[in-house]
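Several structures are given next for inspection.
Presented sequentially are two complexes of chain A, the first with chain B as partner and the second with chain C.
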Partner chain A sequence: MAARNHDQWMATPPLQKGEWIDSRVYTDYQIFEEENEKIFKNAWVPVCHESELSKPYDFRTTSIAREPIIVCRGPDNQVRAFLNVCPHRGMMIERRPSGSFFEGQPSGNPKRMTCMFHGWQFDMKGSCVYVSREKEGYQDRLCKDDVGLRRLRCEVKFGGFVWVNLNDKAPDLESWAGKPFECLRKSLEAEPLEVFHYHKAIVDTNYKLWHDTNCEFYHDFMHYHNRVTGFNDAYFARKNEAFDNGHIVVGTFEVNYDKYEGFESRASLSFPHLPPNQWYMIDLFPGINFNLRGSALRCDVVTPLGPNKTMIEFRGLGLKSDSKEDRMTRINHHNSIWGPFGRNLHEDLIGVQGQGNTMMPGTEPRRVLHGRQENQTIHDENGMRHYYDEWGKWLNRLPSSPDKPYAAASAVTAAE
Partner chain B sequence: MSTCETVRDAIYQATALLDDQKWNDWLSMCDESFQYSITSWSPEINYNMTYLAASKKDMHHLVDLLPKHNTDHSPLHRHTSVYSVTPSDDGKTAKAVSSVLIFQNMLDGTNSHIDAGESRLFLIGRYIDTLQVEDGKATFLSRELKLDNRRLDKGSHWPL
Partner chain C sequence: MAWKKVCGVGDVEVNSVKLFDVEGVNVLVTNYGSGFRAIPPICPHMEEPLDVSGIVANCVLTCSKHLWAWDLRTEGMLGETEKPLKFYETREEDGALFVNMVEELVYDFDSEDDLDDDFFG
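Right after this comes the complex of A and B.
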């Protein structure tokens, strides 16, 4: 068909319901706020890895949906999470990205979380243990027991990631994501893992566009590396499997890494229980990705900063038991395509930035097609269809017409 | 010219070649045993990270395959200041530490109608170089670019 006029451009595409969505899901400020409130404040997010706080009194700070969070390891080796908010006048208790409470701080004692502002102190279980001039100011009206920190749901799971959920009543993590993790559970839990890579990107695009890119492999056409190391019969037979709660898993095949000039097979450093050069991908709702390519694990976590602004944190992991030499090889494998100076990640980020340019707040609402049907194999777009069906339920909005309630839609992709 | 001056000149010449995207000319200033790396200390994960590690052969593969890849073509402009040059006792090699700021002159990486032509600070760090000095000529044996950034946005396909 020739280029289209405006009416033709805006017309409903000749596809089934659920096979396209409206770009307002990526551009609307109200939807962004609702996503924070209804989705991110109720979903499990792997905010860091336990190797980032390896010793008692180590901590990491982070946030979900603007709520500041602190994760710390107690003297009992338990990892706990709290709102990083002082119950007195709302100061952020800890400002550093990471560190240890083992040593004292200018305002406080060793082994305590201390709010620098007025010196209130908390132990690693979040109990308030010191209020400066407590009796003088509060007499018997308020005591330390009344001003403990806000404890958050926290589980260390699926390879040692530290998962936090802001909703006290959310289902447990196993029932939320246990099934999609089944394909990698043995590999991730055979022995402790360690993070060797961290960097972040802030991109002018919607977080779902990043997650979409992690959920669809049709864009392997963009990656020279994936074309030469991947495109064969086994690749095109890979399955895209949908799981409850909007998660998907992309099944494995054997990648020929040495087909890219200068790159090597990853067979000698496969993760435990993993046949050589396999590649699994787990995409969790609403924007978390676990990607295991033979010798290295990658995990992406999105933090939406606006309808058109997203922070993505990238981690790379190997086995804690790695020799120095093996670790370096794993790091090189990770970096070759996934590092900030690697071949694929740069291309993926340019891709979603390009989408962010055409879909920013105020741009015309238009169709985004998710209509490829290929028997739920690698270039089928059932992963995205499954995601947006779930998204519609959480927000009670129809992805193809987000000002209408979801209720109208039948379970389009349920069979997938 | 003194060893220090020779080394300093080589670092500035390398900067100019990299700015001009003359990758092979830059690599010809490097010994066959050349090792290149981009590293950064992460307080987040408490780890000395390697973002890229490559031999001279790896770097040749990397630049040879650039035309096959989709890349942000915004030119990079490095501002290098050599802070110290320390010759070895036998005078055959020298270690140099330079401060480097890398600006990105926006072209096609974001929204070109809005951003193209603007220069943004992209990365800051230090070059830690080892050079061989022979007959008044300096050759790079290794270069470590130790970045302060862990926020790298879209990153880059290019040697830095």
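Right after this comes the complex of A and C.
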């Protein structure tokens, strides 16, 4: 077909239901707010890795859906999460991105979290241990037991990641993501892992566009090096497998790194129990990616900042037991794919930013297609179809027509 | 008796505190004008290092974090202070200050409560 006029451009594509969506799911402020409220405040998010708070009293601060969070390791070595909010007057308690409570702060004491505003103090279990001039001001009407921190669901799991859920009653993490992790569990849990790389990118795009890119490999046409060296029979046989709760796993295949110019085999440093040079990818709803390329693990997590603004945090991990030399090799392997001069990551960011440029709040709705059917192999777009079906349930909106409720559409489908 | 030399009497200025290592034990010495006191290095309230936060004036040692204070002449507690300081016995001899180091003096602190970790169970 030649280029189209407006009516033709806006017409329904000749594809089945669920094989395309309306771009308003990426551009609408109301939908962004609903996603924070209905999805991110109820989903498990790996906010950091336990190796980033390796000693008692170490902490990190972060946020989910605008809620400020502090994660700290107690003297009993347990990692716990709390809202980073003082129960007194709502002040943010800790302002540093990371550090240790072992040494005292200018307004606090060693081994305590201290709110600098009025000097209230909390221990690593979130119990209030000091209220300044308590008796004088509150007599016996309010005491320390009444003003503990807000503790959050927190589990250290699937290779030492620290997962937090803002909903006290959400399903447990095992039932949420245990199935998709089965393929890598032995490799990630054989021995302690350690973060050797962290960076974040704030990209003018919707978080789902980023997650889409992690869920489909058709865009290997953009990755010049992948295209010219990677397309072979084993590559095209790779499966995209869908799991409950909107997760997908991209099945493994053996990468011939020695066929890549300037690369070497990763066999000697492959993760425990992983056959040499294998490559797995786990994509969790609503926007978390675990990517194990033989010797190096990457985890990226999204934080939506607006309909058209997304923070992506990237971590690279190796084995804690690495020798100095092995660690350097592992870092080299990580960076050669995902570093600033690597093969992939910067190209992925160009892709999603280009989409972000065409899909800003207020732009005319576009049709975004994900109707490729290739027997659920690598260039099939079943991963995205699976994701948006889940998304529709959480928001009760139809992805292809977000003004309409998902429930009504599925009732119609059932009736058909 | 195990008298150990800590410092010279001129090493700690009037109205100040100074930290010394006495054979592996941290001892805080304060010169309050009319004498010396030797105490453990932290506040008995919340483990605050007193070489950083201790203020000496008018023969009173005050921890600047929560204003617990002790009279250094009588060793008594002042104001809202809830726990006494522990003191090493001292003596001055030939321009030096000695402490009687029988054992390291330490304070008991409340341990963290025993909330179990099945918090949301």
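Keep this in mind: the second predicted complex is superposed on the first by the 405 of 416 C-alpha atoms of A that agree within 3 Å, B and C clash if a C-alpha of one lies under 4 Å from a C-alpha of the other, contacts with A are read in each partner's own complex, and residues count from 1 in each chain.
The criterion applied here is as follows: a residue touches a chain if its C-beta (ideal position, glycine included) is under 8 Å from a C-beta of that chain, and two chains touch if they have at least 3 such contacts.
Computed from a predicted model, the values in this text were never measured in an experiment.
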Partner chain(s) touched by A:Asn256 [first = chain B, second = chain C, both, neither]: neither
First, second, both or neither for A:Ser401, with chain B first and chain C second: neither
Which of chain B and chain C A:Leu345 touches, first, second, both or neither: first
Which of chain B and chain C A:Asn36 touches, first, second, both or neither: neither
Chain A residues touched - chain C or chain B, whichever exceeds: B
Partner chain(s) touched by A:Ser63 [first = chain B, second = chain C, both, neither]: neither
Partner chain(s) touched by A:Ser51 [first = chain B, second = chain C, both, neither]: first
Which of chain B and chain C A:Thr363 touches, first, second, both or neither: neither
Sites on chain B touched by chain A in the complex: 38, 40, 42-47, 49-53, 57-58, 61-62, 64-65, 68-72, 109-111, 150-157, 160
Chain B contact footprint on chain A (complex, rising order): 49, 51-52, 54, 60, 96-99, 195-204, 222, 224, 260-262, 315, 328, 331-332, 335, 339-343, 345-347, 349-351, 353, 357
Complex contacts: residues of chain C adjacent to chain A: 43, 45-49, 52-53, 65-66, 110, 112-113, 115, 117, 119-120
In the complex with chain C, residue positions of chain A that touch it: 74-76, 78, 104, 107-112, 119, 121, 123-125, 127, 129-130, 132, 151, 153, 168
